[in-house]
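First the structure, which I've put down as structure tokens, then a few questions once you've had a look.
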Amino acid sequence: MDNVKKALAEIVGEDHVSAEPEELYIYSYDLGTTEPHRPDYAVAPRTTEEVQGIVKLANKEKIPVVPLGGGLSLAGLAVPLRGGIALDLKRMDTIIEVNEKARYALVECGVSQAQMCSYLERYHPTLTHSEPGAPGPATIGGNVAIHGQGDLAQPYGFSSDMINGLEIVLPTGEVCRFGSCSISAGWFTLHPLPDLGLFLGWSGTTGIITKVSLRLFPCKRIRGTGQFVVEDEELVPEVMHKLTHTQMAEDIIAYSQAIPPFTSGLHHITINIGGDSEEELEFKQKLLWDDTLGEYIRRGDGGFLGFRRGLDRPVVAKTSDWRKGGGFEYVGAIMPVDTYPECYRRGREISERHDIPYTVLGRCIGMSHAMMFSWTYAFNRADPESIRQAREALHESDDLALELGGTLWKPGLYGQKLVMERMDSNTLELMKKVKQLLDPNGIMNPGNWEVA
Amino acid sequence: MDIVVCIKRIPDTADVVGIDASKKDIEKDSLAFKINDWDDYALEAAVQLKEKQGGSITAVTVGPKEWDDILRRALAMGADKAIRVDQDMVTADCYAVAKVLDALIRDLSYNLVLFGAQSEDFGCSQLGVMVAEMLGIPHAALAVSLQVADGRIHVSRELEAGMLESYTIELPALLTIQTGINRPRYISLGGIKRAMSKELQVMSLSDLGLSLDTLAPMVRLEKLELPPRGKEAELISGSPEETADQLARILQNSGIF
Amino acid sequence: MYELKFDENECLSCVTCDCLTRCQYMDIDKDTAKTEMSKIFNGEDSFVLHDCRTCYACEEYCKMGNHPFYLIVERQEEMDIPPRPRPLIKRSVGIGIPFRGEPEIKEVKEPVLSMGTFAPLTNDLIQGKLFQGVSLISTDPRTMFHFFCQLMYLHDARTSVIKERLPKTIETIARYNVKEVIFFHDECYGTFTSYAPAVGIEVPFKPIHFFEYLYNRLKELRDEIKPLNLKVAYQRPCSSRLSSDKLHLVDDIFNLIGVEHVKREYVGENALCCGGTILGQRKEGSRQLAADVQRRNIEDMINAGAELCVFNCPACWDTLAELVAQRGIRPIYMSDLCRLAIGEKPAGWR
Amino acid sequence: MALAEYKYKDILHRCFRCGYCKFPTNWIDVNNCPAYARFRMESYSCGGRLWLTRAWLNGEIDWTDHLAQIMYSCTACKNCEEKCPLRFNVDIVDMIRATKSEMVERGLIPSVVKEFLENIQRQGNPYGKARAKRGEWIGGTGIPQYEGQEFLYYVGCVGSYDTRAQETARTLGKVLIKAGLPFGVLGSEENCDGNEVNTLGEETLFEMLAEENIQKFRDLGVTKIVTLSPHSYNTMKNDYPRFDGSFEVRHYTQLLRDLITQGKLNFSGGLNARVTYHDPCFLGRWNGEYDTPRQILNSIPGIELIEMEKNKTGALCCGGGGGNFYTDFLAGSESSPARIRAREAYATGASILAVACPNCMTMLEDAVKAEGLEGELAVKDISEIVAEVCGLA
């Protein structure tokens, strides 16, 4: 095996490849409840050319390649199920270009969310990107690869709907470019060339994203979050529907959690809005709280908790420390908005059955077109029983999401199996052909989306 | 597997060397002291053997009270017992010290005796082999690797130009250990404190039936002095052929031949 | 159980009906006041029960020793006309439940200061000479709600919750068996001196107003005081309406430390609510009213030339401090202002 | 189980490894944990070290040289404590120190660390140079021995033995003489202050060094100490009181600032230069001292002080802490923290990189050479800048 390590070292340099037990231990773990699997090598490339070299070598030696950015998918998508090369892409963290006029940012896949926020705030204050609220080190590449959603999902959809162009290293080592960048220097649009969208939502099984051109959006001078609270979960869908009608909000999230106890059983709806002037801000506040939600307030069914200026980005990963356990994992599903009440009620049952304080959250995508609904389960990393309980609760939540007619977002192995069992056979067959076409040697993140 | 390890305390000159008034020793007042490097490797070898085979380790030295510190260190490293023969023999030769160690080790129960290959101060590298002869047990010097198996020990010795000579020797036997055989572990101050409770036995020459006058050295140290400073030095550089040619010319003109 | 002492004859014989005629949020003449108040004590519905902004002021306006506001809140609960939406009430009723653990009752020597539910502020505010020798109770955020006076439920038409939990709080404080207790917040002080007697709840210790303690302490340290000659406005909290006999201490302290209490319209009995509870009330236009009240209050301070805005209630602070700062007036707690006067540097003060 | 004795066994598992600890306060890059900046492998991040500690003490992985090197590449710069969002963040650096002491007590440490500690055990300095030579830096400067003067000027190992740092030690001595400060030095009687020994995990050796120093200071009647290095300042201010050695300890910048404001040190000239200042971790993040050095620089006419993008709580460590100025685990690449920091300093357009610590001095001066910036960016200690404008250079 050593000649592989030597070859890898020639590609990325001595310092950036390791087969030592320490690196293999760390890269075998997801932060959630997924069982760890040791890779054979941990490699940190700096350029697209180095990624190509690694992938070509992997083809020659028939070794799996498992790409990861922050490795924070909390679904085990970057756990090397069949060993091989853990490909840490975080060294590819150059912000190549920010085009103010066309409002896009061309970045290497390893640019972190926090770095993007900080860079735009400092150099392009009138622009912002859809920040997913994940911990800072989560990467732009990773987020689009799993169809993530951010705090602009309500007006503009999934992060993967905000792509102007992609540079991909195919499983056989060639570099492809998709969008205007494939025929000109500009990375301003993904459409309308023949659509070859085969690399998102595949959990890195069809290729490695090395560059992303991400759409940016206007950033208002004053941005803040208002909170509305209701007790009856049946109200949430209609409130979300009315709020999206105003087209004034940037992000609408409904969440409910057992801790702290005074919030238990209540549904907090946070609404992000922005304005360049106090007048614009007040105009939006009036439209949202008075004209749209006024009826609920007057009837006493819903309460306005106030508007706080400033957005807390990136969101602090405090959830992991609730039970002093250092860990949590959640199932994310894309559900119809009107399933919120059922998702909440059934989710609470699952949590109570596994003695885990319930935490659920629904983030509106588009004009109430859908929502990302998450069931979160904290666990104590030092207590295997609590990990087992969390894992069971996660699987029951996977089942629940599909039972209620939803689809699973970034599913782990268990979820992928459920989805493939329900998927119509022709689509499944096509997936298999695409995978074989792109990855003849089956080296790309094997074990994921494996059609029998 | 019972092992005896003989260790020595030497000054850590740290390139500050001066001759003392007696002209027979170096100025020691402001110096710090440490265990002889080779002996550290010997101790580590013993501890590793004990960790694999079990048994006991006795650390032994011949020297005045201040030498207890290297015995405490040996105990912290893993020795079970320490013995110091309370006699300052720094100016004595290897033969005299060997006589003392022979008398001491003869009464101990051992399968293996380990010495450092040489000492950093005088560097005679004779003491170990002398004691082996006196004890009448087989020995090997400059050991760079050792494995023990059913009563015998497989040893590789270091010769010039990286050549190795390997033996299988019946126990009991004596080995002198070369540096590089292992990586001696660090001994923390806390470790030394924790080992304070272990036994450190002090014996006198008379306990061994010896006295100073019966230990006449075969070699006597007459005078110690610093080498005179050279007047000038010339650095010859270039390829081997060129340097050889220049050297030849210098030697011819210097009138040595 | 714990009947509100209310004598309707006092009202009938009242000449001015100040309680409603001087209300800052409803325009009511004397006759309307008389009829509405009689409807209220007869248990009939009245627009006053719907439009009341729970600013406590009528407790102070009533010179007949009656309790118009406490009565209004009781009726609101009886007729289920809470000023705030039910989810907000459920949330604030839940906040008052101690989360985990029993308070650790230890031996304390007077003077004793209770931080109530503002334990997290202890480290920043309770520092320096002013508080040397003071024993503190309720400084642990996890158990502070055992010392909660519950009076905030007057904003939620939940006197039942107050009457249910207040006795337990009093019993917890009484277990320290000290004769006198200084209360950091006006609301605690108002509960034990005004509300508890009004509903017949016995208070076995003597409450001391925080400003009374500060004022006496400053007099002891008189020679260390250097006049600050700053222009200050005071944000009077709603609960201070229950202890109007102690309001003079504000100016006593200001004079002692050499600050000028600026002349402004909304001061003393005309003080404006910080808008914190109005914001979420059910009545139409509440959000804008809160914003308007806050704007008028702050502009009043600016026009009067205030450099600092002095707070004592952390809820007022959370609502107004940032807004005040944005308009160039620096927010400061009363105790920190006093520390400045004796040459100390409060936390975070540049 | 080894985990049972580990000091932080109850909170070690609470690290979620979310990775905040790699960022500076302003989030601008992911390079503020020096070890992670150098190797860019997850194992080298602070979260990686905590997980590996747990794995080792749990028996999931064995001790190896590589594991020890990962632990000892932590420079104890406290960036992780600044950025970790969880409540145990104040203990993180000590958690890693406790891992190192687990290794020390088992004798399983990298040989260069063994050398470092044994040299200090014998010669009182990590270089293993003779104790007798510790006063040689004084040379002919006339800096007096300590005989009860008001201030003890404590120099430290790097200032006493490292050639470049010796110049700084001498310069500071001359400045103090010029200011008429009654002070003296211990010269060859001075011993290691133990700060690095503590961060390397040799707890008993640290205790011995601290107790011996405290006893020596007490015998000599020392009450006020001014240190050349923030490392000595940190341990004497924060740790010595644990061994009831309470002295009035100041870093020399704090003393110079007072001397300047009291008019005891007036400048004969100015210095027209663009200067950027590097916050040493043991002055900044460990002790919250960010302003004093800047006040000194701003008080010198002609100096234009420009801040690097990462400064104060978000400063990038020079990579010399935790013994790394000697063990050099982070050396050997353009992504060595010192070289990243040198590039950052150069990018401000400054011609002088001002430092306030002998470790930073040696690390950053080597880095400037390695970056080929020798003629364009000069690394100067604040005492040297003050000396220059006082006509002492």
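As written, the chain order gives the labels A, B, C and D, with residue 1 at the start of each chain.
Rule of thumb we're sticking to: a residue touches a chain if its C-beta (ideal position, glycine included) is under 8 Å from a C-beta of that chain, and two chains touch if they have at least 3 such contacts.
Model, not experiment: these values are computed from the prediction.
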Chains contacting each of chain A and chain B, listed by label: D
Per-chain CA centroid nearest to the all-protein CA mean: D
Selected interface, A-D versus B-D, where C-beta contact pairs are more numerous: A-D
Chain whose mean Cα position lies farthest from chain B: C
Chain A-chain D separation of Cα centroids, rounded to whole Å: 40
Separation of chain A from chain C, taking each centre as the mean of its C-alpha atoms, in whole Å: 46
Centre-to-centre distance between chain C and chain B (centres being mean Cα positions), rounded to whole Å: 84
All chain pairs that touch each other: A-C, A-D, B-D
Residues of chain B that touch chain D when the two form their complex: 12-16, 30-34, 77, 183, 185-191, 193
Partner chain B, residues of chain D touching it in the complex: 104-109, 111, 113-114, 117-118, 121-123, 128-133, 202-205, 208
In the complex, chain A residues that touch chain C: 229-231, 260-266, 282, 285-286, 289-290, 294, 296-306, 309
In the complex with chain A, residue positions of chain D that touch it: 11, 13-20, 22-23, 26-30, 39-43, 48, 51-52, 55, 60-62, 64, 66-67, 70, 85-87, 333
Complex interface listing, chain A residues touching chain D: 15-16, 18, 20-23, 25-27, 29, 31, 42, 44, 70-72, 88, 90-91, 93, 112, 114-115, 117-119, 122, 135-137, 314, 316-318, 320-321, 324-327, 380-382
